[in-house]
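Shared between the two complexes below is chain A, which pairs with chain B and chain C, respectively.
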Partner chain A sequence: MLLFALRRVAFGLVLFVIVSFTTMFLLSFSFDSIIGSKLGSAANVDSIAAMKADLGLDRSVPVLYAEWFRGVLHGDLGASFFTGEPVTEALPSRLAVTLSVVGPAMIISALIALFLGVLAATRGGWVDKTAQGMMLTGYLVPNLLIAIVLVVVFAVNLGWFPATGFTSFAEDPAEWARSITLPVITMAFGGAASMANQVRGTMIDELRKDYVRTLRTRGVSARAIVIRHALRNSAGPALTVFGLTFITLFGSALFIEQVFALPGFGTYSFNVALQGDFPVLMGLTAFGVGLTIGVNLLIDLANGWLNPKARQY
Partner chain B sequence: MQVNTPLRRQVRRSVAAAIAAGAVFTLGACSGASDPAASPTTGTSESGAPAADAPTTLAIATNRAPSTFDPVGLATGNDALIWGSIYDTLFVIGPDGELVPHLATGYSYSDDGLELTVTLRDDLTFSDGTPATAAEYKATLEHIRDTAGAGQAMADTVASVEAADATTVVITFSANDPGFLFDLTSRVGIIAQPDKMADESYGLDPIGAGPYMLDAEKTQSGTQYVLIKRDDYWNADAYPFEEVTVRVIADATAIENSLRAGELDIAGVQAQTAPQFESSGDFTTTQLEAQSSLFLDIADRDGAIEPAFADLRVRQAINFALNRDGFVQAGGGVGQPAYQMDFPSTSGYDPALDSVYTYDVEKAKSLLAEAGYAEGFSIDMPSLVYTTSMEPAITQALADIGITVNWDSIPPQDTVQALLSGKYPVILWFASTLPDANQVQDFYAPAALLNPMHTTDPELDALLEQASKITDPAAGADIYKQINAFGVNNAWYAPLMFTGQTFAEAEGYKYVGTSAQQSVRIESYGVAG
Partner chain C sequence: MSTPTAPVAVPALALEDEPAEVRRGALQRLVRDPQAVITGLIILTFVVLGLLANVIPQHGPNEARFEAINLPIGSPDYPLGGDYAGRDILARLLHSINTAMVSGLIGASIALVVGTTLGLVGGYFNRFRTPVEWGATILQTFPGMLLLIVLMPLTGGDFRWTMAIFGFLLTPGIYRIVRNQTVGVSRELYVDAARVSGVTDMRILGRHILSVVRGPVIVATTFLFGSAIGVQSGLAYLGVGSKEIPSFGAMISDGFRNIYIAPGQYIWPAVALGVLNGAFVLFGNALRDTFEGSQPKAEKITATAVADDFEAETADGTGALLEVRDLGIAYRSPSGELNEVVRGVSLTVRMGETLGLVGESGSGKTQTAFGVLGVLPTEAVVTRGSVVLAGRQILGAPQAELNKLRGSEIAYIPQEPMSNLDPVYTIGSQLVEGIRVSTGLSKAKAKERALELLERVGIPDPQRTFRSYPHEISGGMAQRVLIAGAVAPKPKLLIADEPTTALDVTVQADILDLLRDLQAEMGMGIVLVTHNFGVVADSCTSLAVMQGGEVVETGATIDVFAQPQHPYTSMLLGSILDEDTIRDDSAMVLVADGKDPR
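And now, the complex of A and B:
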């Protein structure tokens, strides 16, 4: 298991380097545009060259990357070209907002998915059909539409929740809960649908296996079969989908944050990308890649723990 | 007399102004995307003083965050709402487009127009309590002039700036620059704390001489800016709001939802939804008729890329091919058709020019045929992030007379470079209201952004030289009218429409800005009388 874990970590690191280097390489073609955007109408060939040299962007990409990577290892991601704000200070507050929404949305989605998926797989008949209908609806209805309907009904008309904005937990826990409710429901809707379908499928497969029949003949209760045996055995594929859903929810945060005007990671990334704030963009890339690799690594490790066969890959 | 000022000098306002105006089109209008600065008293109720039960807090939205508070990096347009409150400016633009002293008390030019003397108030202080005098203004202007950044170009005709005494600033120019006077309502008109300018944190934590200061505790950079009124500001009584919260909300629908939910007090609303606000009973509305313009810049007037454009008849044909009423209707009906480049609020505007190009496709086709282009031709145009929504209509209008448009997609950060590249014979572009002097510099000067191929004309050169000597804005109307007429008669541009904007106001609030004011200022937000 240790060797397996080390192998996955090493693979993750290599992937991190490849993706972040590629990002820097691609961004290097835009250095002139980025500096042009900072200089605004004062931009010309000379002023761009001077500022490029001043910022050290006239060096080769491998040199720039080595310096950046050294900084990453020391926890220094540089500072914004525009505001001078250190990237390591700019990210956490934005991240907290996004995680405030994605975290609860993920937990609620997972609980709904487990409940709906297991119910559909074990009961069959009209319960299964109804559950599938709900999953299909979750798939088909765009998040954006759900968000708009929720805002119009619960924020604008009923006034139960704020239409836009975010209150931090530290500032006011009750307001925090109100500010994330509608975004969390919006996100959980689609997330639960995709995960529930996966849980249902794997549960049906498991329940058809010979060992389940054997357990039944031994008089093990249906509840125990589902909870102690079938659910655990079907957890592997479901975990993979849960991990992917988490990353997808994180990615879709941009749209949700736009609709609810949340000052999160997605909004920040979007603004920074438009501005071409190079150090922040690299910091966001490092974080995004790190998150994806980290979540996948955790899933791999969990899978390895759940299923010894998986450890050989 | 030098008419031409350096290229970068000419482009600075157009870019920011157009980007601010462009946001109106692409986002459907946000409170930040519009106008004005007003006289120091416009923030009060109409009776001159706030009523006893008048609101003392204000929540508004802007569609983009200021990128920095470093004086050299300040952008005009939307961003001025926040930095203008913190720094203030020597002058502001009044409701009718006139220059109103603010941090300054007056100005005078030398006879040759190369020396501008500005007198400052003698009771100015920064929010940290230190005095703001001519020496601090000199340091601020020199910082902007000598530091690479977006604002530098606005100061590049400044040869020297001297503080003659605590309240007198003498600015000497390397070339006549009548637009500079109005630039004193913008970023070169601010006074920043010079000691603080050296700090790295200055981009986030500014110290200015304006009516408000940034509440660092409640402000989250890029998301929400909380401004606290300074009771020691020289004209504090003119500002009715003790606390102003400016939220950054990029999405126009989110702004409207926020307004409906009571989270914002005043916001610009989209033309399509404005009637809902008007009829709801919960909001009053204020409509600005012409705050930005949409037009085709026929940049290739010498025919360097597409020889057809050297022929006046071809440029005129484009002007005849545009159904301007249709453009206004497509934009939601807020605004008016534009037949000339000067805004109705400027002294260069001439109603007689509105009948030069009426919509007449047959006439356009016959002009093209006379010029030898009966079969039409193809052109490349830059597709900019701010213009995408209007491009299909342009494509159709030009296709009607046989001109095929190929749109080149331009990344947002390359917008200015694309315009300056000289690669495009025609450019779809926007502009906010500009004072006459700046309009002339930005639209007609040989080095203007909107004249990227540096076209000159002897008749225009003579007019521009006269315009460069104007030191009293009120006395220049005749010259400005002639320059505007030159643009129309020679079809340098094909104006499309002046766009308006509707502001919805919650009970107790009133938007008091006007179309004549270019930048968004806190003074535009007031209490209902």
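And now, the complex of A and C:
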């Protein structure tokens, strides 16, 4: 198990290097336009070249990357080209906002998915049909539309929740809850749908397996078969999808934070990308890649722990 | 060496014709499916409207006129009104359809082409498997949405470039589907046969493998088309990309900001986006049902369904342990009528007696066994008859009552030992669970009993096996464990469904001996389901021969072997003799077929 974990960590590190290097390489094509926008009206061939040398962007990508990666290892991601704010200070406050939306959304949608998926798989009939209809609706309706309908109905027309803006938990917990309600519902909608569908599918597959029949012939109750056996065997695949959904929710934060004007990671990324703020963009990439690799690593380890067969490695 | 190639070439040839057949069938089913037809027509309507974007409206999508600002619906020349900048909403809506379709086409076709190629190469050629897998993992690690935004300086705001990048990000999804299918197919015998007979790799990939992966890939592509449209709209809503390009997302954003002045403007693009996206998802769903067959249905764990007019007969004691009379089991056809697979089966088993239930596969013997145990699949319906166990009618009994009987009076040994153990629990915990359910013993007592049983069924190191997981023991050991679990509560009746078929020949005899010993010890009645007359001759006091869901002959084993009455029985017995004649050739032929060489 330890060897398995070490191998996965090493694998993750290699992935991190490849993906962040590729991103830096792709970004390097737009260095000129980034500096052009920083210089504004003073931009010309000479001033761009001078500033490029000044910022060290005239060096080759491998050299730039080596320097950046050394910084990552020391916890230093550089500073914004535009505000001078260190990246390691700029990111956490924005992430806190995003996490306070993504976290509750993830928990709520996972609970809904488990409940709906297990119910649909074990009841069948009209319960299953209704649950499947709900899942399909979650797929069908784009996130953006849900956000807009929620804002129009509950914020603009009914005035129950603020349409936009964010209050931090420390400032006022009640206002915080009000400010994240609509974004959380929006996120949970699509997330719950795909996870519930997965839980339902795996549970149906498990309940059709031979060992379930044998357990029945031993007089084990239906409830024990569903909870102790089928659900436990479904945990691995379900966990994988839960992890992927968590990553997807971070991606959808980019849209949802804009609609609700939340000052989070998504809004920040968007503004930074418009400016082409290279050090911050690389910092965001490092975070995004790290998140994906970290979540996948946790899923792998959890799956290894859940599955007796995989524990041997 | 020329002779062996002939028989293997036949299936390879036969299979080349099959995909065309399948495709024709799939298309026919598709046009009969209302969901596919309706959603397909919706998509087609959108395409046509998009193509007419320069014909229907009077204005260009970016033509802004002061007098058209916020015009209401139904204004002359502006059927859907004008937006905040004085542009024709209808014109922008129709052009947005084209933007959406182009986005879908770029995103989905890149994912399709790259993903399919990688999947075929990675799945078929062993030497490329690892690098391709790495490539897919790397693509999957890119933080998708973030990357699209981070690379804005690079794409320069052209949505087509953005969608091309998005297409690459979608690639791993298609790749995994194609690779898994390809790995599966390339292990098939007919592919091996084609390879051996000199068909080139390219031809095998194109002819045999592509035809198998085609269905799932088409389905996945439909979904990707929808998600590409959704992502493009989302990005346009954010303002990523050129303002010149009309898009649902940009229109929603414009209309939304204008909501207090002209509240209806965001509705048109929102509805269009919702309907188009929905049509793609539902069309994909319909495609999946056609290509991959209907998905497995959810089912409730419950007592077997009985037919509407079913009425269990009252139990009248004949003294037998198990008395099955006129049992009928049916499955519902797609059109709703019941097709009986077990047709009026009657059996009798006395204490201490072993009944062999013999027949070819598909003769209904396993269905009969499941019917007696009450564990038929949910689709099955009991149509008639009676099952009396120790004087009690158990057919149609409620689940709670059956649960009490199971484990204590009636027990079951399955055919395939490995799949009948839960892989995530130790052998010990599974045995203890069953013992506690049927006897109500404490955990410690149940463990003691489980260890005793493991020893009794001939497991050399009970302590170790108790702690082992199913994958850590052999098939023969697993079957002994299952026998231990079945006989733990000293049942009166044991139903064994081909208990030796999945085992090595050397183990088969031991398992039969074990069953015989346990029977002598506990006085159980046994129903032994088998297709093997050797096993019957070896272990059964009487036998029932089944064919086509009916019992065609019953009697004491000795009598039936000496003087079979039914032609089918004679034929089955005759086929053993035939095999005997080739036995001098190689006894291993019998062994390989799972026949008992004795």
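We take it that the second predicted complex is superposed on the first by the 307 of 313 C-alpha atoms of A that agree within 3 Å, B and C clash if a C-alpha of one lies under 4 Å from a C-alpha of the other, contacts with A are read in each partner's own complex, and residues count from 1 in each chain.
To be clear about the criterion, a contact is a pair of C-beta atoms (placed from the backbone, for glycine too) under 8 Å apart; a residue touches a chain by one contact, two chains touch by 3 or more.
Just so you know, these numbers come straight off a predicted model, no measurement behind them.
After alignment on the shared chain A, the placement of chain B and chain C results in a clash.
In the overlay built on the shared chain, the residue A:Val61 is in contact with neither chain B nor chain C. In the superposition on chain A, A:Ser30 contacts both chain B and chain C. Contacts of A:Leu15 after superposition: chain C is touched, whereas chain B is not reached. After overlaying the two complexes on the shared chain, residue contacts for A:Arg123 are found with chain C alone; chain B is out of touch.
With both structures placed on the common chain, the touch criterion links A:Ala302 to neither chain B nor chain C.
In the superposed model, A:Ile293 lies in contact with chain C only, and not with chain B. In the superposition on chain A, A:Val152 makes contact with both chain B and chain C. Chain A has more of its residues touched by C than by the other of chain B and chain C. In the superposition on chain A, A:Glu85 makes contact with chain B only, not with chain C. Only one of the stretches 111-119, 255-263 or 579-587 in chain C has C-alpha atoms clashing with chain B after the fit on chain A, and that stretch is 255-263.
When the two complexes are superposed on chain A, the residues of chain A that touch both chain B and chain C are 30, 33-34, 148, 152, 156, 258-259, 270, 274, 276. Of all residues in chain C, only 137-138, 140-147, 149-154, 230, 233-234, 237-238, 240, 249, 252, 256, 259, 266, 270, 273-274, 277-278, 281-282, 285, 295-302, 370, 373, 375, 378, 399, 403-408, 410-412, 414, 416, 419-425, 433-434, 437-438, 469, 471, 482, 485-486 touch chain A in the complex they form.
Across the complex, chain A meets chain C through its residues 15-16, 18-19, 22-23, 26-27, 29-30, 33-34, 120-125, 128, 136, 139-145, 148, 152, 156, 200-201, 203-205, 207-222, 224-226, 228-229, 232-233, 247, 250-252, 254-255, 258-259, 269-270, 273-274, 276, 281, 284-285, 288-289, 291-293, 296, 306-309.
Looking at the complex, you find that chain A touches chain B at residues 30, 33-34, 36-44, 47, 50-51, 54, 79-80, 82-85, 90, 93, 148, 151-152, 155-156, 159, 162-165, 258-261, 263, 267-268, 270-271, 274-276. By the touch rule above, chain B contacts chain A in their complex via residues 7-8, 11-12, 14-16, 64-65, 67-68, 73, 75, 148-153, 200-204, 220-224, 247-251, 253-255, 257-258, 260-263, 411-414, 416-417, 449.
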